[in-house]
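Have a look at these structures, which come just after this line.
Across the two complexes that follow, chain A remains constant while its partner is chain B and subsequently chain C.
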Partner chain A sequence: MTEIIQKVKNLSIGFKSKKGEEILILRNISTNIKKGETVGIVGESGSGKSTLALAMMGYVKHGLYTIGGECEFNSSNLLKMKNRDLEKIRGRKIAMIPQNAGQALTPNLKIGYQIDEALQLHSDLEEKEREQKISELLNKVRLPSPETIALRYPHELSGGQQQRVAVAMALAGTPDLLLLDEPTTGLDVTTQAHVLELLNFIAKDTGTSMVYVSHDLGAIAQVSDRIIVMYSGEIVLEGPSRDILKKPIHPYTYGLLKSIPKLSLAGLPQSMPGSQPQPGTMHRGCSFFDRCNFSEEKCKNNSPQLEYLEKLNTSVRCFNHKSLMNDSQVNQTVNKIKTSLQDKEILNLSEVSISYAKQKLLDQVLNRISDDNPTVKDININIKKGETIALVGESGSGKSTILKSIAGLLRTKGGIIKFDQKRNLSSDLKERDPNDLRIIQLIFQNPDESLNPNHTVEEIIAQPLKLYFGLKGEELKKNIIDLLQKVRLGEFYMSRYPRQLSGGEKQRVAVARAFAAKPDIILCDEVTSALDVSVQAAVLNLLQQLKEDFGTTYIFVSHDLAVVRAISDRVAVLYQGRLCEVGPSKDVYQFPSHPYTEVLLGAVLEPDPDIKPKLVAEDIVEEKPPQKGCSFQGRCSRILGDICKNEVPPWQITSSGNSIRCHIPLKELQKVQIN
Partner chain B sequence: MKLDNIYQEEKKSNFAKVSEIIITMASRPSGFIGLSILIFHVILAFISPYIAPYDFKAINPTLMLQAPSAEYWFGTDDLGRDVFTRTILGGRTALTITFFGSLIALLWGGLLGIFCGLVGGKTDDIVMRIVDAFLSIPWILAMLLIVSLLGTSTEVLIPALGFFYGKGIVRVARAATHDVIAKDFIVSARARGHSNFSIIWNEIIPNVRDAILVEGAMRWSWMLLGFSSLSFLGFGVSPPTPDWGLMISNARGLMSFAYWSVIAPIVGLSSLIIGINLTADAFAKALGIDRSTKAPV
Partner chain C sequence: MLFLIIKRILLGLITLFIVSLITFVGTEILPGDACTTYLERQAFGEQLEACYRRLGLNVPAYERYVSWAVNAIQGDFGYSLSGEMPIKEVLGPRIKNSLVLASAAIFIGIPIALILGIVTALWRDKLPDVAISTVTIFAMTIPEFISATLLILIIAIWLEWLPGIVIVPTDVSFFELLPNIILPVIAIAMIMTAHMARMVRSSVIQVMASEYVQMAILKGVPYWKMVFKHVLPNALLPAINVVALTIAWLLGGVVVTEVVFNYPGLGRLVIESISNRDLPTVQALAIILASIYVSINLLADLMTLMLNPRLKTLQIRK
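Moving on, here comes the complex of A and B:
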């Protein structure tokens, strides 16, 4: 038997509410981490996964306290240890890699110095040896030219590089256990795939145990040997990762896997009803009872215990796991999207270019924007009425920038935005009349930021109704209730504040506010990326339903290719503010593709241990689009030579109407990509 | 604690909100002390004319510089006036003038700050440089200039103090607005086409109100000190009106042998300032804008 390095026994952590009640965040958690194994802890926000990971290094967040149980490491209980003794363990024996490395690194100290600090604390090396060790560590996390990286400041590195530095710092103390709290969540898809591959390599190379906390089953699937699924502070399922992902025997995991959109399936995944109970609101019975499709009468009043199944080496907390075991292959069924595509074009973007360059005085005086290499250039898209067009690309690809200009929030440098083939829309808000503002509405990524925290839901939805239609009194109220019903929220939500709503409910309110204006076009800026997976599917289904009811056109910006695949009719791929590929979504997801689309598709993580991401190109970040030639020349693995560097590639159109902007002939492209 | 928010349910009336804040403030020892001192001073200011044992301007040469006794609790001053009477009356003018002064400071400072934060660009640059220029002038010099030109009447003092103490609020309000302005709900309101006025009133003010109120409360205590300094220099309240600053100024030469005539107004002034300061701190904590919050890890 392999050695157990961390033993969590009956751990309960919670806080006291204002009324003095004890409210549990973690309920009676027991698990073991073995030497050399990678354990993935997965769960929705609020499931207690981060609290558990922090407890594993003896840390309990301010305001919370340990109610019972212990975290045993090297046969001593971390939660009872003195700070002085903990300091000897943290960093040396247990290290943590935070979610946002950019914030975890001190901004005004050089990378080398920060790693050196970690080495001074956690190792007994002499100064000379430390210097060597720094470049060794940076080499290990595959940072190019360690000597120069060590002399840089954190802000001079890209997000992926910062995360690598954080990994290097964690490795400085040669820890036995690495805790990773959502280490790739803020990164681009391609970078994420690279970082995960690196983590896998390090786990094998150093034999370190890892605890990988994430909400993303796709990422968990790539790294972990064993998976712990958490739900409202409890472990509901624990077992070997392949079994859990292929044959989940707990209804929550089953539902979760079904609600994740997949690249191979067009159409919307099924959503799980309801949301996770808030801590303290749990009653008797199974905490998943309200949302479970397999529940029975006994689940309502009796809470199931974690049951160990020897045959599967799995623990499960469900009365009905046997019936699930028989047919629990995740047969994903999707709700096919109906397209009410009309031939009429509703929005035309022609030759749109946008620049962020600081204006020179002369240009300011003449009120013009001059920049020969603008951030966004040559955008030609014709959007049909009733379609959902998705703009995809990594951060910095200009997708949100284009949305802003369509909404009138950012002045374009050139080009025409035409509505309904008649009216030119100015990209300056002040020059648009109120009706032009009404027809285009925005839904934002993070509903926490897009809803005023000091307004009630009623006030939030009333704003567009008052502004555009001048509604008052009873009529206003009736309209608000109507809109709330359309987004499946009850009337009683009117008096609530955003902080009293869950993430999904908030996003529904934001959707209701956008639809209140009766718009023709809705711009969706990463609307689901701040939401939990099970909620994401529900919001996508809602958006689709509303689109069918109202005939709205969506311009959907996302970095998540699987989500885009699920909801969009057409996809436009952007790199460095230039279009690479535009076409019907089923064709974009098939070869031949633009080499950049190929990179993106290869990096998508699926919750399936058998599908490994294909890392086609390096994850370097380019800061500026190239002056001439193809925008993707810097990272393209299929680069032809000088032609790509000097000439802007032509648009090539496939038989199914997919346009690809590449110098490589389509047939050849298809041939090399399929192999 | 933030986690508790989930247990609050329906919308509360304004009265309920205010009383909850006051209860939270009083539940902390420092907040309780501060509030008690402040309330004591305010009540005293209201009732002192009715409870004062003597006439504040009755000069009695036979009673010069009497030590505290059963008859004259805090003793008498160099003109034989009762120090107790003059002390309990001495806070009234200062409190009134600085209270209204702070309101004016809050109003103009807050609104200008929010406006600058919202519009940004050149307008913001120009206004903020003017504010900086004013901040660089020692306020007491400028006050002395104004007071000597326009006199020491209440109608001059209130707006003058309000102006000088509002400069700092402009910066705080602008910074608070900057925190809010980048949030998507402002972008969303802009994209819908709301006017600047509507954005300030509906979207920004509810979010920066707390920060500005706390700042205003702090300014109030500084203004009180400032006003007393003016009186001390002879530019505030004119004799024989009792005023702490004036009393300290008159009696400071006698400190070595008649300490009582200077101790009482000093205690009055400093306790009020401490009271306002503690209250403002507790207010900030009750609203959740604690300036000394610990780092999360």
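Moving on, here comes the complex of A and C:
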């Protein structure tokens, strides 16, 4: 019997509503964290997972309070402890690694000081020893040249480096328990894979117990021994991670796993209907009843208890788990995407380059842009009508920049963007006529920010209809209702404000607004990355359906290669604003591919403990593209030498029509990558 | 960094040039001029001509501007019309008086404002916050001419502790001035402190809610250490600019308070010279007040730059 270090007993946390009702965020949670194990807590936003993790440190956010239960650590209840005593536990016995290290490091204090502070508080080391310890810690989290990093301010580091600093700071107190609250969510795929690998290493190396909170089953699968699935403030499933990921016996987990797009499988995953009930909504029966495919009459009025199954060492909150147990291999069925590709070219980017450099006075006067090393360069893409083309790459790869130029928000430095073989759209917004504006519409990443909070859904969708088609009165209303139905929202949504909608509903409104203009091309900028996975699948399915109905062309920007695989016909991989590889998506996901594509593919986390990410390249952050040679030379693990540094690589075309820009011959590439 | 400072100073100088131009043009456009004002009903014929010649008003406007500007840079603003005194001599003691009043208000007001702001923020929604916040709202909303008048009524007339209005010559020594400035300082400091305290409060509350403060708590940093190391440096940075504006406002003369207390500062001089149509003095005042604003804002910006590591390194990198 391994030692239990944290015991959560019947914990309920909530707040008082304006009417004085008690609204629960966490409902009667009990679980144990054992020494040396890593527990993953997974759930969608609003499931209470972060509140639970914070409670394990005896911290309850402003506005919330403990209604009942306890968090026992070293046989004392943290939630009843005085602040002075908590200060001795926090950072020393239990440490936190926050979600967004960029926000969680104090901006006016140097990295070294912030780590030193933890050491001063939680160790008896002398100043000299502390200095050495800081270097050791920074070394341990694999930051280059610890001495100089310690003298920097947080904003001078990249996101991945900041996250590593946060890890070092947490390790400073040599804690027995580490709480990680979405520690990799804001990071690039490659950085995320590296940070997870580091965390795994630390868990093994120090024997620290970890509680890993995330919405991302892919990340959870890589680190945890045991998984707790939360839904609406309750634990619905808890057990060994392999069993939970391979044979989920709760319908919610089952649906969640099915809604995640996989690299190995083209086509759209199945979405889970509905959304999580708001906290405070009264339900007598099972909280998952509305969305469940396996529900029965009794689920409506009786709420199931968490039942421990000895044989599986699993606890589950479902009446029907037995029937699920028999056939719950997650056999992923996907909706194959139909390509509506036509042979007509709709948008042509040739030799496009874009610069963010600040223009000198002379250039401003002459109305030209001079920058010999622009952010985006040499972009040649030919987009066919009805095609879905995806631009992928890490942050800073120029994918959103290209979208902005196509939308006219940013003028190009050189090259031509041509619509329908005749309209030249290279100039910026001011020189486009209303029809040019209508044919290209944008859907943004975050619907919270792209929808005007003071407009009703009706006003939001009416705007393009009035602007481009001059619709009025009954006709306008009819069109709005039509559009709402197309995005599967009822007529009664018209009078709602964005804040009254869930994340998925907001994004549907944004989609409806884009389609209201009857555009030829829709630019999708990370449209699903702010959404929960179950909602993401639904939005992807909706976009696909609308495309089939209207024959729209999508230009889809995403950092998530699995999502891209699911929806796109063709993929363009970008690094530092230069194209690396362009090809049909089924081919890009196979080898041979560009070394950078290989890096990206290797870093994808699948919700399967048996598929480990492959870390091919270091996750260094490059600030500027190199002046000459291959754009990926700085990080390439297969670099040949001077040729890569001096000469821009040629395009090589594979037998399947995939273009790869690399000096390494295709045969060589294939050989090294398959092994 | 040095380049930036030089750039800011140059911009400030350009601002001053434009201000001087605007006031000059403004005074030109106004009907009447120094001579018509001075001569009043005799302003015609030979006498007017003579006056023009004497004051040098018979040359073209741009020439007059240039000679005025050249002299002004050397600190010579010409002669005041009302007393036929050099403006320099009129201004000197007024500036000193305003400075005394402003610095007294600043030295009393700013520390109090900081303390009140921080206390209300840290005890947010508790008794100290509720009590202080209520008082500051009152202090902010009561106009200074009412609070000043009430102060005179209670302290000077009923209690007879302090003089109600200032009846000393403009150029009295500092120590003779001292008892006279207590009431005006209270009147000014009340409004100023209330404003600043509320600003500091919201700034501290904002920082207290930030993720890095939550992180510091979760790191086990003791409360007061967290407040001084993690909260205040970040919360007080934005306050610098507000403080600067307040100081500039104070130095520029708090017109209403000075008038109520009959205080011989810059503010009252502005009112007096405008009603006397003493245009050269108005011109001189405009340029002096503008330079006060420009230089104090410049100082504040530079201070923010020095204290905020984010901005500092950004500038160095560029």
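By definition in this document, the second predicted complex is superposed on the first by the 672 of 675 C-alpha atoms of A that agree within 3 Å, B and C clash if a C-alpha of one lies under 4 Å from a C-alpha of the other, contacts with A are read in each partner's own complex, and residues count from 1 in each chain.
Here is the rule we use: contacts are C-beta pairs under 8 Å (C-beta built on N, C-alpha and C of every residue); 3 or more make two chains touch, one makes a residue touch a chain.
Small disclaimer: the values here were computed from a predicted structure and weren't measured.
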Partners on chain A (chain B, chain C) - clash or fit: clash
Which superposed partner A:Phe444 touches (first chain B, second chain C, both, neither): first
Chain B versus chain C as contact partner of A:His62, first or second or both or neither: both
Contacts of A:Met169 with chain B and chain C, given as first, second, both or neither: second
Which of chain B and chain C A:Asn100 touches, first, second, both or neither: second
Chain B versus chain C, judged by how many residues of chain A each one touches: B
Touched partner set for A:Glu117, first chain B, second chain C, both or neither: second
Touched partner set for A:Tyr153, first chain B, second chain C, both or neither: second
Which superposed partner A:Leu109 touches (first chain B, second chain C, both, neither): second
Chain B versus chain C as contact partner of A:Ile89, first or second or both or neither: second
First, second, both or neither for A:Arg499, with chain B first and chain C second: first
Footprint overlap on chain A, where chain B in one structure and chain C in the other make contact: 59, 62
Chain C residues touching chain A - in the complex, by the definition given at the top: 209-223, 229-230, 233-234, 237, 308-310, 313
In the complex, chain A residues that touch chain C: 54, 57, 59, 62, 83-84, 86-92, 95-96, 98, 100, 103-109, 117-118, 121-122, 153, 155-156, 166, 169, 173
Of all residues in chain B, those that touch chain A in their complex: 1, 3-11, 183-185, 187-194, 202-203, 206-207, 294, 296-297
Residues of chain A defined as touching chain B within the complex: 15, 17-18, 23, 59, 61-63, 278-280, 407-409, 429, 432, 434, 437-438, 440-442, 444-446, 449-456, 463-464, 467-468, 495-497, 499-500, 513, 517
